[in-house]
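Shared between the two complexes below is chain A, which has chain B as its partner in the first and chain C in the second.
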Partner chain A sequence: MDGESNRWAVAGRKAAAVGRIAFRHQLAYKTDFAMRGFFLLFILFVFIQLWSAAYEGDFSKSISGFTLKQIVWYLVFTEALTLAAPPLCSRIEEEVKNGDVAIRLIRPQSYAGYHFSVFASEALTRFIVHLAIGSAIAWPFVGPPAFGYGWLGLLALSAGALTVTFLLLMLVGLCAFWVEETSGLYFVLQKLQFTIGGMLLPIDLMPEWLQRVCAWLPFQAALYFPARMGVHFDAALLAKQLAIQIGWIVLLALAVSRMYRRGVSKLHVNGG
Partner chain B sequence: MLALQTRGLGKTFRVKRKEAGLSGSFRSLWKPNWETKEAVRGIDLTVREGETVAFLGPNGAGKSTTIKMLTGILHPSFGEAEVLGLTPWKERERLAYRIGAVFGQKSQLWYHLPPIDTFELISRIYELQRDEYVRRKDELIERFELGPYLHTPVRKLSLGERMRCEIAASFLHGPRLLFMDEPTIGLDAVVKQRIRELIRERNRVEGTTVFLTSHDAGDVETLCSRAVVIHHGGVLVDEPVERMKREVLSRKIVTLKLTEGADPAALPLIAGTRWETEEEGCRLAVDLKRTTIERVLGELIGRVGFTDVNVEDPPLEEIIKHIYGMKGEAD
Partner chain C sequence: MSTADKLMANARYVWTCWKVNLAAMEYRLSFLLLAGMMFVNNAIWLFFWSLFFGRFPVVQGWELHDVMLLWAVSTGGFGWAAMLFGNFPRIAGIVATGHLDVYLSQPRPVLLSVLVSRCSVTAAGDFLFGIAVYLMVGDTSPRGMLLFALGLLISGMLFIAVMVVAGCSAFWIGNAEGMTQQLFNSFIALTTYPSDIFRGFVKLALFSLVPAGFISYLPIGLLRDFDPLFAAGAVTAACGLTLAGALLFRRGLRRYASGNTIAMRS
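Entry: the complex of A and B
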């Protein structure tokens, strides 16, 4: 037992070290940050106009339990989470194509563990920056995000949401060990997140039958759960959604682990 | 003690063959034609600890694939291997603590950060004790003369400076066995020589086993005591570099830069040599079994006007081709 816990402690220390250096490294990409920030401002401005028209500018009106203020802040949260995810699939694909995967595999560290550290470090930084940028546009249009313990719910579910996103991206990225070209799969995953993940509109606004389908898929745990909890705090639901997230994380982590073990034995490292 | 041992180690890949043109692309979609390519064909190899081995062969001979199997990056299709007592592809992470690797065309340094940050990360990944890390880091910084650019972002370093950092980083955790895949590729002669000296020093001081692939005869001569030549995925020659030098490296290339107005057609014929005139100067291939460099230069002085002279080894490709010829396997 001691040996096992020591192994996890060592893995944690290594992950923290990779996370720290990844955080410093991403600070070099200032233009990338600025571009994403500008895009977020633009897309939220468009959404605010569209939803204002749908609500006819009426702040007291409610559609499927969401007021205009709640829907706008919901979109700020989903966009902040969506744009927080670094391009993991294309990174793994590039590593396999140019042979840099060799540098990762020569280290005494788990391949998925390394990528999770880099992903977590970058995603958390981006998420905080995007929340600030999103707030800067939502606040003047619909008022402050005063949703009781909503912020607590959002933050509590965001760590799990980003972990689920990481595992989904990792599953697609690892396909590069077989096919070298994952952009098609990534396109499908991204569109599923946009639609049935609840990025563009809350799942509550979807038809009943689609809501039942979404309940059996992991996408809602990556976007809908934290964003909805942010604007509609419910302590009992928070515990249930945390449990669902943990369930998906365990299931997806097992799938990633199995896929990695099979993929690495098939791997063909290119280039010298 | 053995550093590594392989028995019939091999690797095959499935490669999709596609006919040219649009119709070929469509046919390949419906009826893909797969071919099995044998990258490494049953290599038997033994390396003792402390040895410096050159693993040679032309492009596509399977050198890099072999190194990747021995470091646990690739799983072999058949055969066995033991590196420092471990099976690389089954115990990759355990083995990683004991070995190091330098891939000349790939970087382990973080591009936008100074090398010292990667050193720090390596100390954490390899779980080095703090005082041990500081001692090794300071020693390597001094020996590799990294002080002036240790705090400069990697993107601003020259290739030579970066390679010195790459190699120092690979020695940081004190590997017992270092795999080097083309460590001097693209470097100028002075930097190459310095890097060879440093690797040799590590071998001498720490007893690090070196397993190297290179296309540069200088790397083999300066660094290695033993040469293994592979061809078509199998071992063709395995002998001491000294013997190889006597038997195969018995040729030197003398390059002359002629004085202005000198006529290359009027160059004297010297026994044991052959002229190869090139645009930039005249190359004289010297057979050391039949003559000496001293005698050749003696004959040239006074009979030919030249402003510069350079004596060097022939390219490794030429040497290997010569070996294939000797073994009756030349392409």
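Entry: the complex of A and C
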């Protein structure tokens, strides 16, 4: 029993160390941060104009439970989460193509665990920075994000949302063990998140039939859940959405584990 | 060599470059995957717009039909421009990294040589998407088709000209790749949203500083309710910016200092 808990403690320390290095690594690329920040500001400005035109500038109008203010903040949250995810698929693809995967595999840390440590560190930093940048533009246009316990709901669901995103990206990235080129698959995943994941439009505003389809897919757990909870706090729903997120995390983690075991057994690396 | 001979020689050179570039389509599966990917990408965006207009049928006078035409003009124009003059978004990088040397050594106009030396395979998907959407929802009478062709020409010329002007900044400020990439992404984004959602200074900027408005208003000002004043303005903007880009590039070349990079034309 002691040996087992010791093993987990060591794994945790390794993951934390990798996370710390990834965090410092990010601070070295300030231009990259600035560029993403600019794009976030720009795209949110365009969205604010679009939705203001759709609501005819009426702040009191509510459509499917969303006022203009709630829609704008919802988009800030979904954009902050979307842009928080580092390019995991292209990293794995590059590792397989140039042989670096050989070095990763002989390290005394699980391959998926290593990538999760890096992903979590980078995604959390980016998410916080993007929330600050998004707030800087949304606040002057539609007012402060005063949504009661909304921030609590957003933060509670964001960790699970980023984990679901990581697992989805890992599933696509691991395809590189078979096909090398994963950009096409990543591209499809990204577009699914944009639309049926609720990034551009809250799922509540979609037609009934599409809402029913979305309910059976993992994409809503990655963006829609935290963003909607951020602007519409509901304690009972929070518990349900947390449970759904955990369900998807378990299911996707099993799929990643199975896929990794199958992929690594047939991987041939030249160089590295 | 007379001017007519020079023009003919340049035309033959451009034609040969296009033929060689389009040979990339020889890898059929790869071509179909890449072009198909862009087609699907654009289709998903239109799916989003169909959901949006399902909730808000008319936004500032724009309907789903108008946004579909906007995507037809924008993707179609970008498609032909990137297929035939595929290096237009990369000029800043080519200048900053000293890769212009390889084009300077050739007996052809440098800007033309840079532009035609690359073909974006994915852009074929954009072009086909633009045509397919127009055939689906556009006016297919001879007049309608002619106006659409003019719209594609204006849109493609503006994409090239704006990026040539922006790319020339590398002659003066050095590494402008990141900045021009952001401008490129933002310009593309602006050309795919109805121009009438913007107001005041931003709308003014769309028809002057960042002339994306001349593309995003085409479905209304050219295709739906033909406005001769807007059409003349759009043609003038496209031709004027193209000329400005060529002149700016020529001026910039005088400041260009080779980095002694050993490179080959790819």
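Please note the rule applied: the second predicted complex is superposed on the first by the 268 of 272 C-alpha atoms of A that agree within 3 Å, B and C clash if a C-alpha of one lies under 4 Å from a C-alpha of the other, contacts with A are read in each partner's own complex, and residues count from 1 in each chain.
Quick note on the criterion: contacts are C-beta pairs under 8 Å (C-beta built on N, C-alpha and C of every residue); 3 or more make two chains touch, one makes a residue touch a chain.
The structure presented is a predicted model; accordingly, all values stated were derived computationally and were not measured.
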item	value
First (chain B), second (chain C), both or neither touched by A:Ile106	first
Chain B versus chain C as contact partner of A:Leu205, first or second or both or neither	second
A:Ile63 touches, of chain B and chain C: first, second, both or neither?	second
Contacts of A:Leu152 with chain B and chain C, given as first, second, both or neither	neither
Partner chain in contact with A:Leu237 - chain B first, chain C second, else both or neither	neither
Which of chain B and chain C A:Leu41 touches, first, second, both or neither	neither
Chain B versus chain C as contact partner of A:Ile246, first or second or both or neither	neither
Which of chain B and chain C A:His25 touches, first, second, both or neither	first
Partner chain in contact with A:Ala136 - chain B first, chain C second, else both or neither	neither
Shared chain A surface residues [contacts with chain B and with chain C]	none
Of chain A, residues touching chain C in the complex	31, 35, 38-39, 42-43, 46, 49-50, 52-54, 63-64, 184, 187-188, 191, 194-195, 200-201, 205-207, 210
Chain A-touching residues of chain B, taken from the complex the two chains share	13, 64, 68, 71-75, 89, 92-94, 96-97, 99-101, 103-108, 110-113, 117-118, 120-121, 124-127, 181-182
List of chain A residues in touch with chain B within their complex	10, 13-14, 17-18, 21, 24-25, 28, 98-103, 105-110, 264-269, 271-272
Interfacial residue positions of chain C with respect to chain A in the complex	33-34, 37, 40-41, 44, 47-48, 51-52, 54-56, 59-60, 178, 181-182, 185-186, 189-190, 193-194, 196-199, 202
